[in-house]
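See below for the structure under consideration.
Labels for the chains are A, B, C and D, by order of writing; each one numbers its residues from 1.
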Amino acid sequence: MNATVSTARIFSSDNAAGTCPEILEAVAREISGQALPYGADDSTAAVRRRLSDVFEREVDVLLVSTGSAANALSLAALTPPWGSVLCHRDSHINNDECGAPEFYTAGAKLVPLGGDDAKISPDELRAAGRHKAGDVHSVEPSAVSLTQATETGAVYTLDEVRVLGAIAKEAGLRMHMDGARFAGAVASLGCAPAELTWRAGVDLLSFGATKNGTMTADAIVVFDRSLTAELAFRAKRAGQLASKMRFHAAQFEAYLTDDLWLRNAHHANAMAARLQEGLKAIPEVGLLGAADANILFCRLPQRVTEGLLADGYAFYHDRWEPGVARFVTSFATAPKEIDHLLQAVRRHAA
Amino acid sequence: MNATVSTARIFSSDNAAGTCPEILEAVAREISGQALPYGADDSTAAVRRRLSDVFEREVDVLLVSTGSAANALSLAALTPPWGSVLCHRDSHINNDECGAPEFYTAGAKLVPLGGDDAKISPDELRAAGRHKAGDVHSVEPSAVSLTQATETGAVYTLDEVRVLGAIAKEAGLRMHMDGARFAGAVASLGCAPAELTWRAGVDLLSFGATKNGTMTADAIVVFDRSLTAELAFRAKRAGQLASKMRFHAAQFEAYLTDDLWLRNAHHANAMAARLQEGLKAIPEVGLLGAADANILFCRLPQRVTEGLLADGYAFYHDRWEPGVARFVTSFATAPKEIDHLLQAVRRHAA
Amino acid sequence: MNATVSTARIFSSDNAAGTCPEILEAVAREISGQALPYGADDSTAAVRRRLSDVFEREVDVLLVSTGSAANALSLAALTPPWGSVLCHRDSHINNDECGAPEFYTAGAKLVPLGGDDAKISPDELRAAGRHKAGDVHSVEPSAVSLTQATETGAVYTLDEVRVLGAIAKEAGLRMHMDGARFAGAVASLGCAPAELTWRAGVDLLSFGATKNGTMTADAIVVFDRSLTAELAFRAKRAGQLASKMRFHAAQFEAYLTDDLWLRNAHHANAMAARLQEGLKAIPEVGLLGAADANILFCRLPQRVTEGLLADGYAFYHDRWEPGVARFVTSFATAPKEIDHLLQAVRRHAA
Amino acid sequence: MNATVSTARIFSSDNAAGTCPEILEAVAREISGQALPYGADDSTAAVRRRLSDVFEREVDVLLVSTGSAANALSLAALTPPWGSVLCHRDSHINNDECGAPEFYTAGAKLVPLGGDDAKISPDELRAAGRHKAGDVHSVEPSAVSLTQATETGAVYTLDEVRVLGAIAKEAGLRMHMDGARFAGAVASLGCAPAELTWRAGVDLLSFGATKNGTMTADAIVVFDRSLTAELAFRAKRAGQLASKMRFHAAQFEAYLTDDLWLRNAHHANAMAARLQEGLKAIPEVGLLGAADANILFCRLPQRVTEGLLADGYAFYHDRWEPGVARFVTSFATAPKEIDHLLQAVRRHAA
């Protein structure tokens, strides 16, 4: 068992949180009795039905053990080895997965694009989608991957996603959405998940759940179901076809029941908003970028950063540029934890 | 939740079982509070200490989500892309992982060897280890992988492992053990895990747990610790570095506490022995091969197979050769379930 | 320059030969003047036209530097990473290319089949084509590759190729022909190249030339032209798109002019027949298998093998089984060289 | 045979040239007689001795069919699949090989760096070599690859190479030099090849020859000979071990005899200098960057570009930015061809 602290002080990532009672209970219901392995169980079927409801159409679903696996499998199904994946230069797939996309695609290339708030610039996508297309001397533009919410905590608007989707379609690019924080984006926009995904051109969605409440399970939601068979082979071959799949599925069933996934995301977003509100009132702190979901970037005086670290707070700082810090809230963040953090910032800033 | 039946009737694999209360409780203790992600938590550290105790030496440990991932990662660390993995022709890595080893190794070749009871023949290993070694026209013999217990339910004796280890060493082959049912083998032999592994030459062990009680976690035990850094990169890149690692680790902590892993294995083996004992008394049934652990092969009259299927029993039959059936017991198999199965066999055989 | 001997004594392979004057002359015509690179030159276009004539239909052509590259590229275009290539257990792709097919396919599996004279058994192909098809736990049967002429010097009859083609078609397998010695097979059968390939179901042909006269160039003949674009990317990426392609193409132009390719093959086959005829009359020598093309296997007394080696002859012996030797003739083998070899055999046998 | 024009008008690349009489003659000497295949011939051995002389130390050599293969094989030997190759953003390996490095390395990542004249900035290399080193979430900085001469026709000075070499060494990076135009760089600097390579820290050199005179052969020069065995397996597996290696080797023997390689390079450089000199005197033309070797960039008025194209000249223009054109000379460029080109520029500029 891990040592816990009375007041949670890890703001480095939402993956420091545990899970929800509902999810644990769902798992507990699976511990006895038998079930067919490898996803032939009832729970896995139920997850597929629930996600079909969420997305207002028939979808296929693969449950995997990490978001990296969800992303890399998706990209491999959308990009040939000689293809390129157009993505934001700050994207997780480009920077934080140790080349998982390159591994799973058998050596495709990630082409980094610019754009504010870690959102892909439509102009850059348009140019990159045409760049040396059909030229055997170059990797072939094949797919675009956008992160929703982005790595800086911004959320693409519906229109922004549609614009990128239209550019992708015109250029013949397949479209992937890295939705490690998809719930937060939906909660932030208040729109239908269908609008934000397949209706805007998304072929495959990494439907993240671990950061928002589950323990060991993420999902690929397959809108282009012609890819399902290939994905199934790829998943098995990647060591991602769990034998006791029901334990992943049970987490997802609970996560999708009574909108737990959205409630969790609303809460996480609200905690970031509370933090933002509080920091705004502290003149020594400079807020940076959009904090549409549960990630907040700000500029902190050196003494504040040092003070917080001395207090035992964990968060990324001085990683992007000197003086810049990042705080991430989660479904499990309590309002008073935000308040304690704000008090500490104030104390050190004074 | 999955439909359960009052009497478990799935004997097709030990992965149809759920988990143990101890393991669920350990997970439950993790659900609140925060922990550092990606294995920097206390539970993961504890698992490493416990496995070091089990193996009577310092080991490194990687927790992964499937046995296929444990095998494929291990083989990738032991075999260059131009190398070959010598394995039994009936081995799981050769037949049942959809090319996961080929994927992870970037295209190494599995060279199938023969031998009774799915155990690698020492003579064939000796010959294959020398075959075209150093010849650039051929893949280079690089590693040997043995399955303990084997796919037919046999268990290599300590001497048998040592002999293969000595041959491997002489030929300069690295050594992997696929221990999907390692606990069953240890329980069957009653020997020290250290003897069966690193002292006999094993460099990396896939320490299977899912088939014997955990839900979503298997492990690689690293004896050659010079491989640890490489394995860590490979695991991340394979989408096998779980962010909430503590939920895998908690399962393992419980699994390793008070010898739960061995108790579970002893029970599964005992259930197979009970079944064997019962079948022996039924003249229409012919026992096949060794049933050293929790897998039992037998020859069944067609009417018995059909009768059992009609009763709702699930098991593999007519897959290897006509008339041959396989039954697998687990930590969760109740004695009365074996007795019911035996009654059914008797009834249909009569 | 290599030391040459007045009488050629290398019978280990047809690749010990040099090239033909016609081919050198064609290259010489290219040495001055400029040409567009990467196959946009006139010679490359001419090769495509000539091969379209040879095969009585429009084909696409990729010129590559080795037969291994031709095979591996072809297999990669026909087999997904999770697929399997069904091939003879004695095939070159399975044994002699250091895993090139596994590399180029990103880890597909070669499934070795049996059959006499290194020809794939139709029954084994039928069974393997169905084996676990659609089962994600296993590699997916995807392609069949046959070697024409085979590694033992036999030639599939037209009917034999058609039978395998029909089985492949029924099973949904793509079909590759390793024609490292295709010319020899055509010369032996006296049939139309079209009959032996695309009309029998072959999608891609490795049209070997180096063993039969060219210096540094082999070709892939593309019958399924929907694969051409993919092959072009794969070839570039594999380092197989030569900048000065015209120097490969010039060799091929000459090779295809006035049936040089067939004349060379007829000669090589005739030399093997002459050797066979001569050996038949030596009671101490036992001929083995069919010698339909330019490879001949026989059983030699130990003293003969040793005597020939002492004379400076080079050939494979005791590699397949003790006492078995292989002799390979080529377009450049002179009748008197065969006669000298036969005299030597007789002398040592006496 | 390709249509030739009395005055060569292709300035798009040095690979439009043919070959030298000396090289053809060397090949001609190989056409009859036999030789052992796969590089076991005398010519291949001689090439190794000659390159050892050139580099003033024992080296190993692999002859391959393209520069892309030389680069990709080298990088694969220096970079693990989870590693990164630090290279200039304008480098050929990054832009013009369709992902060959990613393919051969099994998915390593190319990290593009900046710097003037397509030379890697020492500061950027220093930073990139440290970036997330040892962090499993990121690819591991593993190798640096510099192009000598660069893609813009500049040549790293000896000091510049040494500085990068020292940074690489300190960061634990392996060092590759893409010497597609290595001869041009040596000719330009007038320094010892040894100084420019292994003495400055280069482990593997792609010793380009095709652009400077050979027909179908490039080479890897191995300074770190502990890599030779691995490279041999990788080359075979990549379809790069030619059976009739002597025909590659013969080209190289001639290329290395009597300094043909340097004489060719001096000539190509002189032709570029002659062009530069001439253009300097045309006020409407703006010279760009260094033209240290045989590549020259300049700014041309639109009417000049159009006029030259109408005249039948081939060259890259408007590819990097509007109005920018590139001219490449070669060993085969005649002074009068430069003069004709200059006349044409003057005529169109007037």
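Criterion: contacts are C-beta pairs under 8 Å (C-beta built on N, C-alpha and C of every residue); 3 or more make two chains touch, one makes a residue touch a chain.
All values derive from a computational prediction rather than experimental measurement.
When chain centres are set by their Cα atoms, the one at the greatest distance from subunit C is A. In summary, the interface at C-D recurs among the listed pairs A-B, A-C or B-C; the equivalent pair, sharing over half of its contacts by residue number, is A-B. One finds 51 Å separating the Cα centroids of subunit B and subunit D. For this pair, subunit A with subunit B, the centres built from the Cα atoms lie 33 Å apart. Centre-to-centre, using mean CA coordinates, subunit A is 42 Å away from subunit D. The set of subunit D residues touching two or more other chains comprises 81-82, 97-99, 103, 106-107, 136-137, 233, 236-237, 241. Against subunit C, the residues of subunit A that register as touching in their complex are 38, 80-82, 106-107, 136-137, 140, 230, 232-237, 241.
Of all residues in subunit C, only 1-5, 8-10, 13, 15-21, 23-24, 26-37, 41-43, 64-73, 97-100, 103-104, 210-211, 215-217, 233, 236-244, 246-248, 250, 253, 314, 332 touch subunit D in the complex they form. Here subunit A touches subunit D in the complex through residues 81-82, 95-99, 102-103, 105-110, 136-139, going by the rule given at the top.
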